[in-house]
Every structure is written in C-alpha cells, then in structure tokens.
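What follows is a single structure, written as structure tokens, with notes after it.
Going in written order, the chains are labelled A, B, C and D, and every chain counts its residues from 1.
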Amino acid sequence: METFYSILPELIRIVVCAVCGAVIVFGNALVMGYAERKLAGHIMLRPGPMEVGPHGIYQLVIDGLKLMGKQLVVPAKADPLLFRFAPLLAFAPVFVPLLVLPFSEKIQGFDLDIGLLVILALASINLLAILIGGWASNNKYSLFGVFRAVSQNVAYEIPMLLSLLAVVFMTNSFSLKAVVAAQSPVWFIVIQPLAFLIYLVSIVAETNRAPFDLPEAESELTAGFHTEYSGMSFSLFVLAEYANMFIVSSVATVFFLGGSSGIPLPYFEYSGIIWFMLKVYSLMFFLVWIRWTYPRTRFDQLMNFCWKYLIPFALVNLLITVVMVKLL
Amino acid sequence: MDINQVKKQWQELSTAVEDVEYAVSGHDYNVCLECDKVRDFATLMLDEGFYLVDLMAVHVTPAIEVVYQFAHFETRCRVLARAFVDDKVEMPTISDIYQGANWHERETRDFHGVVFIGHPYLKPLILPEEDVDLKPLLKAEAKLKDVDAVRRKPPEPAPAPKAKPAPKPEVKPAAVKSQEQS
Amino acid sequence: MAEQKKSLLNVHSYTKECIERYDGASPQRTKISEAPPLIRMKLSDAIFDLCRANSLWPLTFGLSCCAIEMMCCGMARFDLARYGAEVFRPSPRQSDLMIVAGTVNRKMAPALVTLYEQMPAPRYVIAMGNCAVAGGPFDVEANYDVVLGVDKLIPVDVYIPGCPPRPEALIEGILQLQEKITGKRFPFPQNKMPEGA
Amino acid sequence: MSMDVKALEDDRHHRYVLNMGPQHPSTHGVLRVLLELEGEYAMNLLPVLGYGHRCHEKIAEFKPAKSFMPNTARMDYLGALIYNHGFAQLLEKAAGIEVPERVEYIRVITSELNRIQSHLLWYGAYLLDLGAFTPIMYSFDDREHILDILEDVTGSRLTYCYFRVGGVSKDIDEKFVTGTRAFIKRLRSRFPMYEDLVNGNIILQKRLIDVGELTPHICARYGITGPLLRGTGVAYDMRRAEPYSIYSKFDFEIPTGTKGDCMASFMVRFHEMEQSLRIIEQALDGLPEGPIMAAKVPKKLKIPAGDYNSSVEAPRGELSYYLVSDGSDVPYRLKVRTPSYSNLSVIPEMCQGMLLSDVVSAMGALDLVIPEIDR
C-alpha cells in the first residue's frame, strides 16, 4: 500500500498528461484543419468554409462526426488484420512525444534526459504505420505511395537528425528543457541558421506535405497510401499527420526558436505556453502557406536534393559546430 | 518541295490526279489509288514532308472507300488520297510509315469493319470489346449510295476524268462562289 | 437501328447485372429496407444527418462538358467550400457524393457502377446535366452507345437539368440534397439570403 | 480491355501494370491508360479510349447539316465557338454562301476569346496536375470574365451554339465591346503576375524542361499540330498557313519554341493568349457596321454533291471537318478530325521510359479534351 501511495502522484500525473495530450492532438487537428481550409481559401481568392457556424468554424467538427458515421470498408483482397491495425498504429504513438515537450518552464509532462530521442524514435513509428497500411490495402496506388513514403522519410530523417545534432553538441544534452535553457541570451536560429533551414526543409518531407507530398500525390497516385481507407480509419491518418506536424514544429521551436522564452507577460506565471504556441503555429502557418503555393517536385529530384545537398551541408555544418565548440 | 515533281511521282503511283479548287472544296489535289499502292504513296508523302491529317472510310457502293488526307507544314498543299478496299474488305496498313495512322485505322476497323493488313494491334479502340461486329457507321441498305452520287459534279463541261466511273453528264453544276479570302 | 436501341443496355453483361441489382422490385433490396435498425435514436440520427449534409465530399469524377462547370463550381467565384463540399477526393473510399457530370456510355457504365459500389455508405448521387438525367441530346435514333440516363445504372438522389447546368444550378442541387438529407433547407442559416433578395 | 494483365505480369516478373483511369484526377476526364511499369519508370503505355464516345458522326448522318451545329460545341466544350466556326465555314463553303464582313469580325473576336478561355483553363488544370493548387483559382477567375462577356452575347456559358450558317445569331452591342476592351486590359495586367508566380518557379522549370521532347519529324508521323508542333519550332498555324475567315488582315505573331519539350509548349500557349488579345484588339478597332446574316440562306440547306473540307485552328491544333454530300441536306458522311486525337496518339512513344510523374506532366502538356478524342 505504501508503494501505491508513493507512486500515486506519478500515476495522476500520467493520467493528466495523457488527457492533455489527447486534448492537444484533437484540438490541434480541429484548429489546423479549419485554418488550413480557410487559409487555402484566402490564398485562392475565395472565402473557404462559410456556412457551418459563423465563418464556418464548426466545419471540422462536422467533418469529424461525418467521418465517424461512415461505413468502414475493408477491401475484399486486403489483409484485414493489418489493414485495421495500421491507422491505430499511426495514431497511438503521437501522444508520447507530447509528454516530453516543454510547453513552458513549468508545464511539461516529464523532463527526460533523452527527450529528443524519445520524440524522434516515436515519430518514426508513423512511417511504419504507413508502410503497413499501404501494403495491407493490396492496391497498386497505395503500394506506390508506400514506396515513396518509406524512401523519402528514411532519407530525410538523416539531415533532420544531423541538424538537430549540431544543437545537441552545443548544449551537451538531449533534454529539451536544457536546450531551451541554453538559449537564454540568443536563440539558436541566429547561431545555427543553416541547421534551421535544413531542418525546415526536412520536416516538410517528413510530414509528407506539399511540395514534398509525393506519397499522396493526388494527380499521380489518386490518394496515395490511404487510397483504400474510408471513414474513421482515414481520419486517424489525417489526425496523425496534423499531430506530427505539431510535434516537428514544436521540436523546431524548442531547438531553434528558444522554446517558451519570450517577453514574460505580467500576472501570468505560465505565460511561456503562449509564446510557445505562437511560435509553433507560425511554423505551421508557414507549412500551410508553402503547401498552397508551390508545385510538387518529382521523386528523383526530391531524393537527389536530400542526398546531394542537404546531407553534405548538414555534415559540414555539424563538423564546423564541433570544431567551434572544441575551440571556444 | 517541288509540287510539279511530286505530282509526277503521284501520277506514276495512282490512277488519277485531279486539281481541285481550294476555295470550293478545301483541298488542293485529289489522288485516286489502287489499294496495293497505298503504302508506296504514304512512303512518298512522308519523304516529301507531308503529315497525316486524317484517315477515314466512307461507305459507298461498290466498296468502302478509305480516304487519306495529307497536308504540309511549310506550303499550303492539302492532298486527298482515296482507295477502295478489296473484296475481303481489306487494306494494307500504313501505321508503320505514319504511326499516327495506327489509331485512325483501329477506329476505322471499329466503325466500318475495314481490316488493315499488317496492323500491329487491330483491337477495338473506341467501342467496347463486345462490339467488334457492331460497325455502327455502315449504312443501311436503303441509305447506301453509289460512289457517283457523292462525287463532285463538274462545274464546267471540261471535267477531270474520274478513276472508276465516268461522270454523269446531266447533272447541273454546283454553285461555285469563292467566299474565301486568299 | 431501333432494335439496337432497345437492346442498348443488354449488350454489356455487367450493366445488365447492375439493373437487376438496383431494380426496386428485387426481393433482396426490400428485405434490407424492412429490417429494423439495431439502434433507433432520433437525436443521434438527426445529428449525423446534419453532419452528412454539411460535409458532402464529392468524388473527382468528370465525364464530359458538365465536368468543367463542376470545376467552375469549386473555383473562386462560386466556391463550393462555403458549404463544406470543396474537398474533392480522388478516391471513392473517402467521398460521399458522386456528381455524375456528363454522358455515360456503355463502355463507361461498368466503371461508373464499380465506383459507386466502392463508395462507403451513406452515399449520394447527383445526376448533373441532361445526358446524365435522360440522355439529353443523344436520345436520338442514331444513338448506339450512350446510356440514356444514369438512373438506369445507379440510384440517383438529385437531378439537375441543363446542358450544361450553370454552377449556380449545381449549388442549388447540393442544397436540395442537404434538404433531402436533413429535411431542412438551411440547417445552418448563417448566410441565408434575406427575404425578397 | 483484353490486354491480358495477368499474362503480362507473369511474363516479365519485375514489371507490373498500373491502371490509370477512367476515373483519375490527371487524365482530365475519362481517358484510361495502362502503364507497364518497372519501378517507377513507364516502359509501355496503352491508352484506352472510348469512355466518352457519343456517336457524333453517326448523329450527323441522321439530321440536316444545319442542325448539327449544337453537336460541334459538345465535341470540344472548351473550343466550342471555334468548332462552330469550322462547321459554319464548311457549310458556307459547300453551299456557296457569302458571309457579311461584320459577321467575320464578330466570329474572329468571339473565337479568340474562346481560345483564351481554353488556354486559361489548361493553364490552371496543368498546374493542378503538377501539384500547384492555387494558380487554377487565379486563371478561373480571369476565365469567368470571358464567360460573362460571351454569355451576354451567346446565351450560354460553355457549349455555345452562336454561329449560324451565313452569320451569327445575335449582334454584339456596345456593352460587349467595352467589356472586351476592359477584359483585355485586365488580362494584360495579370500576365506579369502569372510570370512571377508560376513561370519562373524553379520547381516548375525542373518538372517541365527536357520532359516529353518532340521533333518536327515525330509531329509529321503522328500528325501532331497546334502548340505542341509550334513548340518544336515549326510556325504552323492554320490562321497563317491557310488563312480562313479574315485572319489574313490581322497582324499577329506565331509564338514558337525550340526544344519541343513540355516547357516549350507551355510557353507557346502562354504567349498565344497575348497574341489572341492582339487580334481581338485589332478586330475591335476595325469592326464594320453591317448585317449579321447573309442575305439568302435557304431554310433547307442543300449541299451539292461532292466532298468538302474545312480546317481551322482550334486551341489544341488543327481541326478539320470533312463532309461527303450526296446532294441532299443531310450529310452522307461527316468526319471530324480532332487535334487531340492525333496529339494523344504520340504518348506511347513520347512517354516510354519516363517516370510516372513525368508521364503526368507530359499528358497534361497535350491539353486533352476527352470527348473531342472519342467524339
């Protein structure tokens, strides 16, 4: 009994974190889904969703409920078990990285020493889910999407890691809190502009968004890896995509934009979270903006760009960082 | 391209070469061919730099007539070549000379049932698979006309000699009015 | 010719099968509609209907002329997005609404039926344009290929006549479909036209 | 389709067949293409047509030639007025009807507006194929202005049946002229924006340059005409080569490319819009007064026996009507040579060994209108 009481606060903490994580995941999907459609509308000279609620703000709730009410189709020749399992596998792991993100100095689930590793490890599971889902669909378009998704995500993980590693070398810690603390005079975007650029390009490819949305290239592969998914299993993939966008943007914020640091607002102890969210959503706005502006690249160009430019530059950047850290 | 020289070569291959007034009919020359000369003619046209505008069939008696239309990229020279299919409704293909003819020939097979000998892939193109024998553009018996009935009647009494049947003398001349600025 | 026309739909074996399947008198169909639903909750039904009506994702499925007007409808001036219906999904699995925009011929008919069957329920069909409604200008003696009306193949919810219908007509069609689903013309009366406008 | 997919796959184990269409976002309608792929490289292509076949040629043999005019608009719904133009010209040529000068001017103005409209739609739809979602909205915004102008005078938005044998159905008024002039000004001011926003984009250039190269010889063998041919450097335009109507009176250039790749035809189409604006401007300046219908057009238009051909420059290339008449008012045989048909037939050769993404961009560069191909 004593041991139970000793771990009780920890348990409560876990439950609270999980609930908060769920709120963030679903809330983020609603906000981003609405913002994306509205922004797309305004970029395209049209109003976007307008009728459902004032300026259409209930549109995403309505869409979500509708998708819940749709029939779930498992194609006759698909692998039924894997086909049903894939969306869950895509969706479930997105909660864990949220636990280690420092939303402000005081709001953080767990401050792990290996926070960055947890995030990167779990973010890669999404890829596995895509692989399983696309394979199990038994559809050639899905298979194509999977080919592309796997090679693209594996390739772009390297420059992403290398650019983050440069920052880790400077702070000597994988802990996200320590990284934020190390940026108290200047943000790392000033010291490591190249790493930030490389990271920014990589996350566009990592989240499979235009102009690097080849796994779901609409004009080539109809709907890519989720061609056969309907209803709720489709929306789980979409939720996971938005959650991943949130996570990679948060990592960018923590590593390059000073995390929750900003002008402290009066009478509000937790003001850091406002700055944090502001930075995250500006990054996400940037992602949406380029999605609706650029044409799609070709697959070989995308891979060449990664292996011939991003990785060498990231390596050089890392080397210079290491030398500078040693010298100074 | 020297048109007179080309014309001479046409005359060697064909049964008749007529000059037609462009303002009236929209083409410059009519060439009547035997069906075994079609391939030679097409090779000649390709060498002279003509492109294949169109290939079609017209259902008349005594036999289905296949019409090839050629034009030139540099000078205005529209040539219409006609040939009747043989008894087995067959015709040599020109799809290895003019690759563009490939689909036109498949379409003609669909619509008129003309079989092009030597065609690499003479499967239905436009109609569904089951309709190999539908041949929708073949005329009904009552509507079928003789080839004379659809030939241009000579406006002056000095007609160019027709390849197969002689022109009928009693027809009245077609209205010839040029409304085409040249 | 007339004989051909009569047997127009019989030429394609698959098409024939479709007719039998969607024939109202077929015993299988009545059986399904008579079976009582497991849960009968009026409120949840109403909510789901509301959601369905306001989030009709059409299938990217243009057949001919009308497809251009369908595109226009999603574009800047008319903007279907206002009604939440701008998400043109290329995959039938993720779409709710099939806008049959154009002429269906015998070669297309089996593909059309397959697409319809791949859409998950609840699914809706709008027949856009005269060709999809009843054959339009191709309902003539010489016709040997055009299917005279898409309702011979799949059940249709809303018919929009016109050759092609204007984009406003398609929007009206979608509003009619919303009315058909929810029983109300403007479930969310945000930008309703003032009376007499 | 009887191309035996299973046998093909078994035959060459490492290859497999991907079916694109008839419902596919990038085939612009109901084209179906079977691709034999090795990895992502398309080793063989087999287009399957006929999903939009509507028996136009058969219908033509069953009704008076004059009443076939609405069908021409439905063949190519993007170049409807130009299709009208060709058909009206064919019957006028056949029946020997003199067309008043004002009519010719009106025809040229509306046809060129229609051409710009078609190119604008292609511009947006092509970029949509390449994955840019926004330019289509901008080009449709401009396109709606043309539709407004044309709707005022013709009465419909898309499938116009405005030209009659010997004239046009309705005279243009002051509103049309001012509206057109305003539109010319507007579109001219938008061109720099398009160039900044789209044409100079590095991703776009990497996607288009050196993709789908054609040569004049390939064009001759396949009968390719229109912007694709002009992209290879041959300045062949029916408006110049066989000047119909009153095109010989106007001063305009024929934009050409050099390499014959997708970028060349892209730029040719883009510059053609500018040239069409020039033609419209000159035609509006020289618009004469006069009747809008030829004096004597018989109710029952008997076409003297013989064969007639009329070729015009449609937005996609050379359009030819070939009419065989037996002397009655109903055509004995009407064959329409549509440009997209010949243009599309090149893709098995053009796209061999291409990446899947390049197949999509090469197919978009052809500017396909499927009902025009299937008729």
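The rule we apply is simple: a contact is a pair of C-beta atoms (placed from the backbone, for glycine too) under 8 Å apart; a residue touches a chain by one contact, two chains touch by 3 or more.
What you see is a predicted model, and the numbers here were worked out from it, not measured in a lab.
Counted as hops between touching chains, the shortest connection from subunit A to subunit B is 2. Look at the CA centroids: the one farthest from the centroid of subunit B belongs to A. With A-D and C-D as the two chain pairs, more C-beta contacts join C-D. As a whole-number value, the distance joining the C-alpha centres of subunit B and subunit C reads 45 Å. For the pair subunit C and subunit D, the distance between C-alpha centroids works out to 29 Å. Subunit A and subunit C have centres, each the mean of its CA atoms, that are 37 Å apart. The multi-chain contact residues of subunit A, meaning those touching 2 or more other chains, are 44-46, 218, 222. Residue positions of subunit B with contacts to 2 or more other chains are 127-128, 136. Multi-chain contact residues, meaning those touching two or more other chains, occur in subunit C at positions 75-77, 90, 107, 144-145. Applying the touch criterion to all chain pairs gives A-C, A-D, B-C, B-D, C-D. Subunit B makes touch with subunit D in their complex at residues 23-27, 46, 49-54, 56, 58-59, 67, 69, 71, 73-74, 76, 78, 80, 97-100, 102-103, 111, 123-129, 136-137, 139, 143, 145, 149-153, 171, 174-177, 179-182. Listed in rising order, the residues of subunit C touching subunit A in the complex are 47-48, 50-52, 54-55, 75-77, 79, 81-84, 86, 89-91, 93-94, 96, 118, 120-122, 188, 190-191.
Of all residues in subunit B, those touching subunit C in their complex are 127-128, 130-131, 134, 136, 140. Across the complex, subunit C is touched by residues 37, 41, 44-54, 56, 58-59, 62-63, 65-66, 69-73, 218, 222-223, 226-231, 234 of subunit A. Every residue of subunit D that touches subunit C in the complex is listed here, in rising order: 22-25, 28-30, 50-55, 58-59, 61-63, 70-71, 74, 77-78, 121, 125, 136-138, 140-141, 144, 157-159, 370-371.
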